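Both complexes below contain subunit A, partnered by subunit B and then by subunit C.
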Partner chain A sequence: MRFFAPFCIPFIIGTAFLFAALAVKWGSWLYHLPRADKKLIGRNFFTLATPKAIWEVIRESLLHARIWRVNSLLGYMHTSLAFGWFLLILVGWIETTAYVGLRWVPLQGHVFFKYFAASAHLGHKPVFDFLMDLLLLFVLSGVAWAVAKRIVHRFMGMRRTTRHIVWDKLALSVLWFIFPIRLIAESITCAVHGGGGFLTGSIGTWLAGWVPRSTLYALYEPAWWVYSICLGLFFIAMPFSRYMHIFTEIPLIFLRQYKLRSGKKITSYDNFQVEACSRCGICIDPCQIQTDLGVNDIQSTYFLRDRRYHRLELSVLNNCFMCGRCEQVCPVGINLNTLRQNSRDKMRNVPNEKRYEYFTSVPVEKNSAQSKIGYFTGCMTHLTPGMKQAMERIFTATGESVWWADREGGVCCGRPLLLSGETDSARKMIDFNTRLIRESGITTLVTSCAICLKVFRDEYHLTGVELLHHSEYIERLLVKGSLKPARANDESFTYHDPCELGRGCGIYDAPRAVIASVGVLVEPEQTREMSLCCGSSLANTVIDDGQQLRVSRSAVDTLTATGAKTIVTACPLCKKALARGTSHNIRVKDLAEIVAERL
Partner chain B sequence: MRRRHTSNRNSVAAIDWGYGINKARVINADVNDLRMSEAILREMPELQTCIGCGGCTATCTAGALTDFNFRMLHTLVRRGEYEGMYEQLNKCMLCGKCRLVCPRGINTRALVMLLKRKLGDN
Partner chain C sequence: MEVERMKSQKNHTREVVVVGGGVAGMQAAIRLAEQGVRVTLIEKKHELGGHIRSWYHLFPSFTPAQEVYDALHERFASHDIELITSAEATEINPTSVTLADGRVLHTKAVIIATGFEIFDARRKEEYGYGLYDHVYTSADLELLLHEGEAGEGLAGALGFTPRRIALLHCVGSRDEKVCQPHCSKVCCITGVKQAIELKKRFPDAEIFNFYMDIRMFGPGYEEMYREAQQKYNIHFIRGRISEASPTFDGRLQIKAEDTLTGRPLRMSVDMFVLLIGMQAGPNFGLPHADSGFLEPQDLFLGNVVAPAQAGTLGGLFYAGTVSAPKAIGESLNEGIAAADAAAAYIKQK
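What follows is the complex of A and B.
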């Protein structure tokens, strides 16, 4: 039996092209990986990481478990398309084997098996007819959802859905046609040759009854041609469109299991992350720049798209809080903040050895009392003297001797420059402060600024010095009993998780424990991992003052909807930002302040 | 605070009064090339709302450690004086305090980044 007919040509060309494009893309990305990354792959390849990756591929690339968790309708759509198509291929292969035995059959033989089996009068195996029809129906239901999503996205519980580029539109349109046309082609085949399951068989019988036989014969080959052309076109568009994500997520999962990570500088590994984005648009809805400001072209899906097609503009790149709310929901688990940061590095980093030479003459605070605990105020806390005084009262109350790293002002922690992409300049600050902290001889460093804490933990090499946020420090003091604030059972507080502290450093519980020790904590609707950004994030250098205020007001609205009269936060910048967005009867306080008030 | 003379160019007096006065400066607007300054204002029109209060300079982290004076700097740039400005700007740490205190809500951090881009980077 020959598995070839002229209509297979578009399919064969498309497939060959796809495999070639994949080989080139994967090959060059892997080839250009940094040495250290290649070593990681080598080291982790023959470990448990590989089976774990395989399992994750099944769970995520086929079943799309994470999308189900975000939105079950969307989950069904992705599963039916991906898993359904996969099963069609798998069961199709088994079907072929069942008919012709275990022998080599070219790819088009499997894909167009219905055609070849019918032409060769192979007879029918009703089990497979049934199974294949069931799977086809499964996939078709997914296509129907996808079409519906385009037309009415609210239908899927999504406020917004991604706008696409030309390649995407081509691939998308063809994808919509592939399965309906397959249904038509198979049904006509059944009408002419008989057989088929409950779907193709029934339509076939119906067609045979109503359509003249000559017409059916005339449509028979063309229907298969159209099906083959659709497949071919889809495969050709695939590597240039968002559908490249199908073949990129798989290696991404493996590499991630092998512990490869994106960093402050762009590396080849980033390609896997960038092209693994399916532009599903799940990241759009949580973005406050969309919901509060109505800006619709900066969200992660657009950022990744622009970066991928080399048309990223500073106005898109820099218009982001790097709040991490989108990263929290991204079903592919892309490190959106890191990618944005290294794009900024690429576009903004200016290596300049002469910068900050003046640091060498900055007077260094001596730790003359040999204190073991140090306190880093940070620029922003210098602007919120209430916080500074509260920390002072707490230190006094505990009787601990504390070395102030920058009581009168010092060098910035470096995080703002890092967020702006000026990585090399930030390094100078990190080096300066690292030396300052090391020379002081402290073993614990406390800071009340979430921004400073984030960069201390991520970028500073301070082994032997424990880095604490003041929320963690105060919690310890409370547990130890060295702080005994008076608790007011009738006063309720609501808590705003600073992005850098919560999603940034994973600190959610310590501030809550501290609040619970002085009053009643009431949680706002969006909290913890999904808490809102205050709107003043240093990462955004595009929006203006009025826009910052709008974001802050809407965050405040969510917080005050709890009925609490005091908003507590744990970052000086959040405190300032939220205070601007409140009306007069609401207080905005730092964690340290509400504790110090009650000592 | 670490006390230092607030004068940015030369201290005027031999006696240390604890403060100083900026040397009078003559800016010849006929000679200065304002094209760059206009381009900067086009990209950041809100800078025109600056009232010269000096809040940005007073709170500046870099200004507390060096003679960097942000208000003077952006005022001079607007007047077409670009000489040495890039080197001055490189002292800024982008910490963002100035943005928080500016009574006109000017996006001063974006201004620093814009000026650096226009006056020297790359």
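What follows is the complex of A and C.
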């Protein structure tokens, strides 16, 4: 039996092109990986990481478990398309084997098996006819959802979907046609040759009854041609379109299991992350730059798209709070913040040596009391002296001797520069402070700034020094009993999770425990992992003051909707930002302040 | 204290209601009464005068504010004006004014002269107002100067004799970070005036004014600024103070950048005065600028007239600082202008 017909040619060309493109892409990305990354792959290949990755591929690339969690309608759409198509291929292969036995059959033989089986009068196997029809229906339902999503996206519980580029549109339109056309081609085949399951078989019988036989014959081959052309076109468009994600997510999952990570400088591994974005658009809705400011070309899906096609503009790159709300929901688990950061590094890292001149004039405090605990105020807390005073009062109340690393002002922690991509300049500050802290001999460093904490934990090498946010430190003091604030059972507080503290450092519970010890905590609607950004993030260098204020006001609105008269936060920047957006009768306080007030 | 006077007009329909009994509102009411218009003045507080009641000596002539008020009040009292004090207007329409206690006053026209509010300096937390000792606002200093008239003088009122004093311009003005984009206009000259007052009382003290720009817009202001430098040896430094923090010996350390020489600057002072700006009060749902001050029809011939709104044509007028920061003289003039416009309006109706 020969598995070839002229209509297979477009399909064969498309597939060959796709495989070649994949080989080139994967090959060069892997080849260009940094040596350390290659070593990681080598070291982790024969470990549990590999089976774990295989399981994750099944769960995510086929079943799309994470999308289900975000939005079940969207989950169904992805699963029906991906898993349905996969099963069609798998069951199709089994079907072929059932008919012709275990032998090599070229790819087009499997894909167009119905055509070849019918032409060769192979007889019918109703079980497979039924199964294949069922799967086709499953996929077709997914296509129907996809079409519906384009037309009425609200219907899918999404306020916005991604706007696409030309390659995407081509691939998308062809994709919509592939399965309906397959249905038509198979049905006509059934009409001519009989057989088929509940779907193709029934339509075939119906066609045979209503359409003249000559017409059916005339349509028979062309229908298979169209199907083949659609497949071929889709495969050719695929490597250039968002559908590249189908094949990129798989290696990404493996590499991630092998512990490869993106960093502050762009590496080849980033390619896997960038092209694994399916442009599903799930990241658009949580973005406050979209909801509060109506700007909708900067969200992660657009950022990754622009970066991928080398047309990234600073106005898109820098218009982002790096609040991490989108990263939180991205079903592919792409490290969106890190990628943005290293794009910024690439596009604007221009170290300015003049910047460090002030290092020499910074008053360096000696730890003459040999304190074991240090406190890093940070630039922002210097601008919110209420917090500084509160910390001072707390330290005094515990009787602990504390070394103030920067009482009279010091060198910035480096995080603001890192966020804006000035990686190398930031390094100088990090080095300065690292030396300062190491030489002081402290074993615990407390900071009341979430921004400082984030960079201390991520970038400073301070083994032997425990790095604590003041929320954690105060919580410990409360547990130990060395702080005994008076609790007001009738006073309610609401809490704003700073992005850098919550999503940034994973600290959600300590601040809540501290609030609970002085009053009643009422949670706003969007909280913890999905808490809002205050709008003044240092990472956004594009929006103006008025826009910051709009974001802050809407964050304040969700907080005050709880009815609490005091908004508590745990970051000096958030405190300032929220205070701007607040009306007179609402207080905005730092965690330390509400504790110190009650000592 | 004012006594609530409900005069013979009770039974007549009111012709004009003036909301706000500061200098602008008082002047408007006087002018209307002079023209025989039946006018009612509503004041939120229990007495008239508005902000000038809290000021000491006025720029640029050092005239005691009390003198200006007394003269104005004397004229006010000589006219037949219905006065309702301790009454806050909550809703304003061209033909009616609703008070907080639910009373509704019907009228033919309304002049809004609700003035300004002073900026709450605690919102610029970095300057430590309310947190550290020896940080004052310019409004506090006016009261202290009052207190210092008796007893031990200003040093007595302060409780110490300052040796070095810093005054900071533009606190809560020209500052988008606190949503006050506008220039408050009078604080530069207030800063010069207060620096001179301080120098007169503490001749040995060094006095520094930190500014972004010096705005001397009125008659005699520039001369006073020059005198401050030449005669009183007050130092003017161009640069905004970024933060203040207490030192171990109970003084304050301030950090700034001298933007003329481009050098960072630290200095210990024992008195820190924040020249707070004017902030807009409630806008009653009327068109207003970003700063919150009400926007008149135009800035030339219609500068005391509210913009014609959908449905209503005319009947609302503005006087004084409700529409932008102004000095007393300008506010008084607007009182007259608004009164004349309102009188013409009700006559033609």
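Note that in this section the second predicted complex is superposed on the first by the 588 of 599 C-alpha atoms of A that agree within 3 Å, B and C clash if a C-alpha of one lies under 4 Å from a C-alpha of the other, contacts with A are read in each partner's own complex, and residues count from 1 in each chain.
Quick note on the criterion: a residue touches a chain if its C-beta (ideal position, glycine included) is under 8 Å from a C-beta of that chain, and two chains touch if they have at least 3 such contacts.
Owing to the predicted nature of the structure, the values given are computational and were not obtained by experimental measurement.
Of the two partner chains placed around the shared chain by superposition, neither subunit B nor subunit C is touched by A:I430. Residue contacts after overlaying the shared chain place A:V350 against subunit B, while subunit C stays out of touching range. Counted by residues of subunit A touched, the larger count belongs to B, out of subunit B and subunit C. Shared-chain residue A:V411: touches subunit B; no touch with subunit C.
In the superposition on chain A, A:L445 makes contact with neither subunit B nor subunit C. After overlaying the two complexes on the shared chain, residue contacts for A:L383 are found with subunit B and with subunit C alike. With both structures placed on the common chain, the touch criterion links A:S420 to subunit B but leaves subunit C unconnected.
Of the two partner chains, neither subunit B nor subunit C is touched by A:M322. Once the two complexes are laid over each other on the shared chain, residue contacts for A:C230 go to neither subunit B nor subunit C.
By the touch criterion stated above, A:Y358 is placed in contact with subunit B and with subunit C alike. According to the touch criterion, the shared surface of subunit A, contacted by subunit B in one complex and subunit C in the other, consists of residues 358, 382-383, 408-409, 544-546, 576. In the complex of the two chains, the subunit A residues touching subunit B come out as 318, 348, 350, 352, 354-356, 358, 362-363, 379-380, 382-383, 408-409, 411-412, 416-417, 420, 422, 429, 536, 538, 541-546, 573, 576. Of all residues in subunit B, only 1-2, 46, 59, 61, 64-66, 87, 90-91, 93-97, 100-101, 105-107, 109-110, 113, 116, 121-122 touch subunit A in the complex they form. Touching subunit A in their complex are the following residues of subunit C: 123, 125-126, 128, 131-132, 176-179, 242-245, 253, 255, 264, 290. Against subunit C, the residues of subunit A that register as touching in their complex are 358, 361, 382-386, 388-389, 408-409, 544-546, 549, 576, 579-580.
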